[in-house]
Amino acid sequence: MATDSYHYTLSELMVVAAARQIADGEIVFVGMRLPLLGFLLAKLTHAPNAVGIYELGIVRDTPAPEPILTMGDLPNLFRAKWLSDTSDVMGLLQNGTIDVSFIGGAQVDRFGNLNTSYIMNSGKITTRLPGSGGACDLASLAKRHIIVMSHEKHRLVPKVDYITSPGYGDGPGWREKSGLPRGGPSAVITSCGIMKFDSVLKEMLLVSIHPGVTVRHILENTGWPLKIEDSLEKTPVPTEYELEILRELDPEGYWTGS
Amino acid sequence: MATDSYHYTLSELMVVAAARQIADGEIVFVGMRLPLLGFLLAKLTHAPNAVGIYELGIVRDTPAPEPILTMGDLPNLFRAKWLSDTSDVMGLLQNGTIDVSFIGGAQVDRFGNLNTSYIMNSGKITTRLPGSGGACDLASLAKRHIIVMSHEKHRLVPKVDYITSPGYGDGPGWREKSGLPRGGPSAVITSCGIMKFDSVLKEMLLVSIHPGVTVRHILENTGWPLKIEDSLEKTPVPTEYELEILRELDPEGYWTGS
Amino acid sequence: MAPASKLMSLFEAIKLYVPDGSEVVMGTSLETLIPFAAGHEIIRQKKHDLTLIGTISDILFDQLVGAGCVGKIRAAWVGNVITGSSYNFRRSVEGGDLKMEDHSNLTVAMALKAGAMGVPFMPALTGLGSDLFKTNTSLKKITCPFTGKTLTAVSAINPDVAIIHAQRSDEYGNAHLWGNLGVTSDACLASRYIIITAEEIVSPDVIESDPNRVITPGFRVSAVVHAPWGAHPSPVPGYYNRDHNAFIEYRSNSKTPQKFEKWMRDWIDDIKTSDDYIRLLGNERVEKLKLKNHLLSEPADYGY
Amino acid sequence: MAPASKLMSLFEAIKLYVPDGSEVVMGTSLETLIPFAAGHEIIRQKKHDLTLIGTISDILFDQLVGAGCVGKIRAAWVGNVITGSSYNFRRSVEGGDLKMEDHSNLTVAMALKAGAMGVPFMPALTGLGSDLFKTNTSLKKITCPFTGKTLTAVSAINPDVAIIHAQRSDEYGNAHLWGNLGVTSDACLASRYIIITAEEIVSPDVIESDPNRVITPGFRVSAVVHAPWGAHPSPVPGYYNRDHNAFIEYRSNSKTPQKFEKWMRDWIDDIKTSDDYIRLLGNERVEKLKLKNHLLSEPADYGY
């Protein structure tokens, strides 16, 4: 990817794009890795009143006093608003309190179903992935969730080998039929662009491409004929301020280094 | 009742009888009022290793540092072993951890079913009682429970007006049929004597009469032809030591005064 | 970045968040921390058709019933813990003026836990064979999908408002509560609104020094009220002991409607503020109830 | 009147309460307080056919799998939180040597809560439409008896033993645990045996000064072990920070079975005591991980 010509890394662009999906005052269920940074960046820029909920049993509405790499780092517990049981915060998720959550994925399909469990080849397990963690819960129960992942042809497939975290299943009405109370994926942020979902067909729709990426490149690296929004946008680059904050949050570039 | 001729009150006799039902090391779910004293008395005499569980969310294995009148009195929280949620201690009850519990009742029948909810007269509510509290839970889920109440003809009835706390229902097999996991009443301690339950018929059986009480008096004050154990005993009187302890626990005789 | 303060008067809090007809859960710590001050304000504002939700309610529910605020009670026990039955409650049920949903402590706890967890019911093993099923439509018998055994299904309760008395709270609704916790945490998570009445209003620094002691996340709290002695005559760990005499006296003071009218005049109608109430209690009583023996918790370090 | 002490060596505790074939729940605080010392002793004692139960297990489960102790895992996530996939786990599942029951964090939490509450299942709304139902026989779809809606029923899990790392415990098993609590409380209540490993063994007075901070009642605890640095490299609130490098290094040290063999020799086989382990860590690393900024909890008064 030709991001070298920009003074930010691709990961930084993705984190910034993720952060911008959070509106001020929203209750955010914060996942591991990149989303952890996305929430903190949003908090410190346009969403100062966002509240973060963590599956470990943490509620906090201020950034940690020091950079953190995992949500269980002690600075993330320091002056938290609530330290509690996982079942308590899962209750908040299940009872509809959570506005938005972020999850990463190894494999996603055109209806936003996510697989982080098993990569299969003709009925045999070829790769065992770590599993759901809280991802299935977030995809099932948050008012909306956002998927953050790398854009490769073997990752964006017509149909996932295993639904770990339900998206829109096989299309319109599937979540309701299945008994899911609400929600569904609202965006997929990849290393190439941003996809949303057709409000009627519930199918993935390319709405924004990252700087230096071509539509053809995206189509070539997507496992099905990806639909494209008429008003296709260019993903806005990170602002100086966003990058400055982000580099304070991840000073060694562990998550956002090139 | 001719207890005046004894240097202890009837309530004291009942509390002592209740205390003696607790074996050392047992896990006791402690109820309000008289049982509260019975547990403490047992703790301080023959059952030093008994553990007390209270529905408020209290676990303690030492007596309170000061006399208490209700289980929520602050001395009963002081140096408790665990202060927690009601659902946590109810979990201990429901998962079979509790050996014995004590409950009081307004109305009991020959199969040990207890009513603390409604006294009816030809389908009309004549008296509304406080209700179950934890009594239904204790009668349903403890390995055994002991009923402590006043012995009057209108209280010991052939069939209770309302089953608040299940005993043996209509006899053998009823608890199993109903789906109750275990337990049942093991004794009824009244102001006149001590009843147990026939192991086969599950029907109440007079096993011990209090000093100064006649069998005829008991039969006259029981709403059905009460069966009598062949080896009928006399309820042992409280020892000097038991009375001494009891009077330290209830110095003003609020619960045990004549 | 600082959220708006939720601090308000008891009058405002009850006026805003306890409209007539509300389902209100109170007395969630059972015998301790009962929000009497808030209950008395409900009486002063002559709320009506309330549904009260609780486990064992002690005398607060009897007072609200006697004052005509209550249409229905969903609880395990209504009375006076230290004396037994309570008269206003008896009169209303026996007179047919009050609907009752008969629970056990476990079924109330599970109903609120279901509400907190966002599921429509919770299974239990209690009450099977009892008549609670006849006077409580929130209970049904079900068959376990795994064991095939009979279970009690308890329908979720999601109150409109939880009224919680806590030891200390910041102005944003982050409150420390300690002692026996009863059903307080689940009652808060299950309720749409939460009113915190607290013995002390403290700086957020105090609360943030011990996030495990916070009873529920402040972002879900609607109102914070400074209410010293707001749980009297029930005990408040760390602040004052139980005033047994008040409960014993209440028994005779509520024996007849006339006596209860007088009791309300003395203890509710003329009380406008916490100061009025403390003045009414009198110095001697206040001093007698204060803690004499202190035991401070060993610190926990939340550093990094 | 004083109960018997439950204090014993880690060797004894694992020998007595973790027989081959046990169902063991560990890592119940998710990313913090993971009982690595206890897990390593399980490896030293060459336990086998264990079933591991957890939410997100971080690398402890991968180590036990690599050492051949594990026949089955019932968990939501098995990997290395900071690097992603873990290699021993991948090798075993892909090679067909390890049975997996696929949960989500919520279904594990509910399975343990059902175990704790003594009911055979708990309802949930999660996972409906997912394939978890295909690889987890503890999940079934049911219809709500009240709403008629489809729900996920999660079968209870009652582990044979819970292994919990806590900050401080008395010798009778009354332990203070703080920070994020994960599924620890329910895991303890659901389990037949409980092993507490603690950073410090303290007098009962310390524990009794704050009964709300006790994680589970001591009378249900089977063994108490003094295990300073017993959760390293995971963080312990109040004691030490997370050793990120250990997790990052473990990734390459477990890439091949050969590399993992060497890692076990270095970090497990030759370690007999906590002192050995701390010596292996070295002063510099130990000092680096210790807390630099302290924040002591505001006291709560438990007097009367």
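Note that the chains are named A, B, C and D in the order they appear, and that numbering of residues resets to 1 at the start of each chain.
Just so it is clear, a contact is a pair of C-beta atoms (placed from the backbone, for glycine too) under 8 Å apart; a residue touches a chain by one contact, two chains touch by 3 or more.
None of these values were measured; they are calculated from a predicted model.
S.K.: Could you run down the chains that neighbour chain B and chain D together?
M.R.: Neighbours common to chain B and chain D are C.
S.K.: What is the graph distance from chain A to chain D, where chains are linked when they touch?
M.R.: 1
S.K.: Which chain pair shares more contacting C-beta pairs: B-C, or A-C?
M.R.: Counting C-beta pairs in contact for B-C and A-C gives the edge to B-C.
S.K.: Using only Cα atoms to place each chain's centre, name the chain farthest from chain D.
M.R.: Max centre-to-centre separation from chain D belongs to B.
S.K.: When the centre of a chain is set as the mean of its C-alpha atoms, what distance in Å lies between chain C and chain D?
M.R.: So the centroids are 36 Å from each other.
S.K.: Using the average of all C-alpha atoms in each chain as its centre, how far is it in Å between chain B and chain C?
M.R.: Chain B and chain C have C-alpha centres separated by 28 Å.
S.K.: Just curious, how far off is chain B from chain A if you go by their C-alpha centres, in Å?
M.R.: One centre to the other, that is 58 Å.
S.K.: Once you find the CA centre of chain A and the CA centre of chain C, what distance in Å lies between them?
M.R.: Taking the mean C-alpha position of each chain, the two centres sit 41 Å apart.
S.K.: Provide the list of chain B residues touching at least two other chains, using ranges where the numbers run on.
M.R.: 65, 73-74, 77-79, 83-84, 87, 90, 93-94, 141, 181
S.K.: What parts of chain D, by residue number, touch at least two of the other chains?
M.R.: In chain D, the residues touching two or more other chains are 117-119, 124-125, 149, 151, 178-179, 181, 185, 209, 212, 237, 241, 291, 293, 295, 302-304.
S.K.: Using the contact definition from the top, classify how the chains connect: line, ring, star, complete or other.
M.R.: Contact pattern: none of line, ring, star or complete.
S.K.: Chain pairs in touch?
M.R.: A-C, A-D, B-C, B-D, C-D
S.K.: So in the complex, which bits of chain C are touching chain B?
M.R.: Contacts found on chain C: 29-32, 55-56, 75-79, 81-82, 84-86, 89-90, 93-94, 100, 102-106, 109-110, 113, 124-132, 134-135, 141, 149-151, 178-186, 234-235, 237, 241-242, 244, 291, 293, 295.
S.K.: So in the complex, the part of chain B that touches chain D is made up of which residues?
M.R.: 27, 48-49, 51, 59, 61, 65-66, 73-75, 77-84, 87-88, 90-97, 141, 181
S.K.: Can you list the chain A residues touching chain D in their complex?
M.R.: 32, 54-58, 65, 69-74, 77-79, 83-87, 90, 93-94, 117-118, 125-137, 140-141, 162-166, 169, 174-175, 177-181
S.K.: If we count contacts the way the header does, which residues on chain D are in touch with chain B in the complex?
M.R.: Going by the criterion above, the answer is residues 1, 3, 115-119, 174, 185, 189-190, 208-209, 211-212, 214, 216-220, 302-304.
S.K.: For chain C, which residues are in contact with chain D within the complex?
M.R.: 117-125, 140, 142, 144-147, 149, 151, 153, 155, 167, 176, 178-179, 181, 206, 209-210, 212-213, 237-239, 241, 291-304
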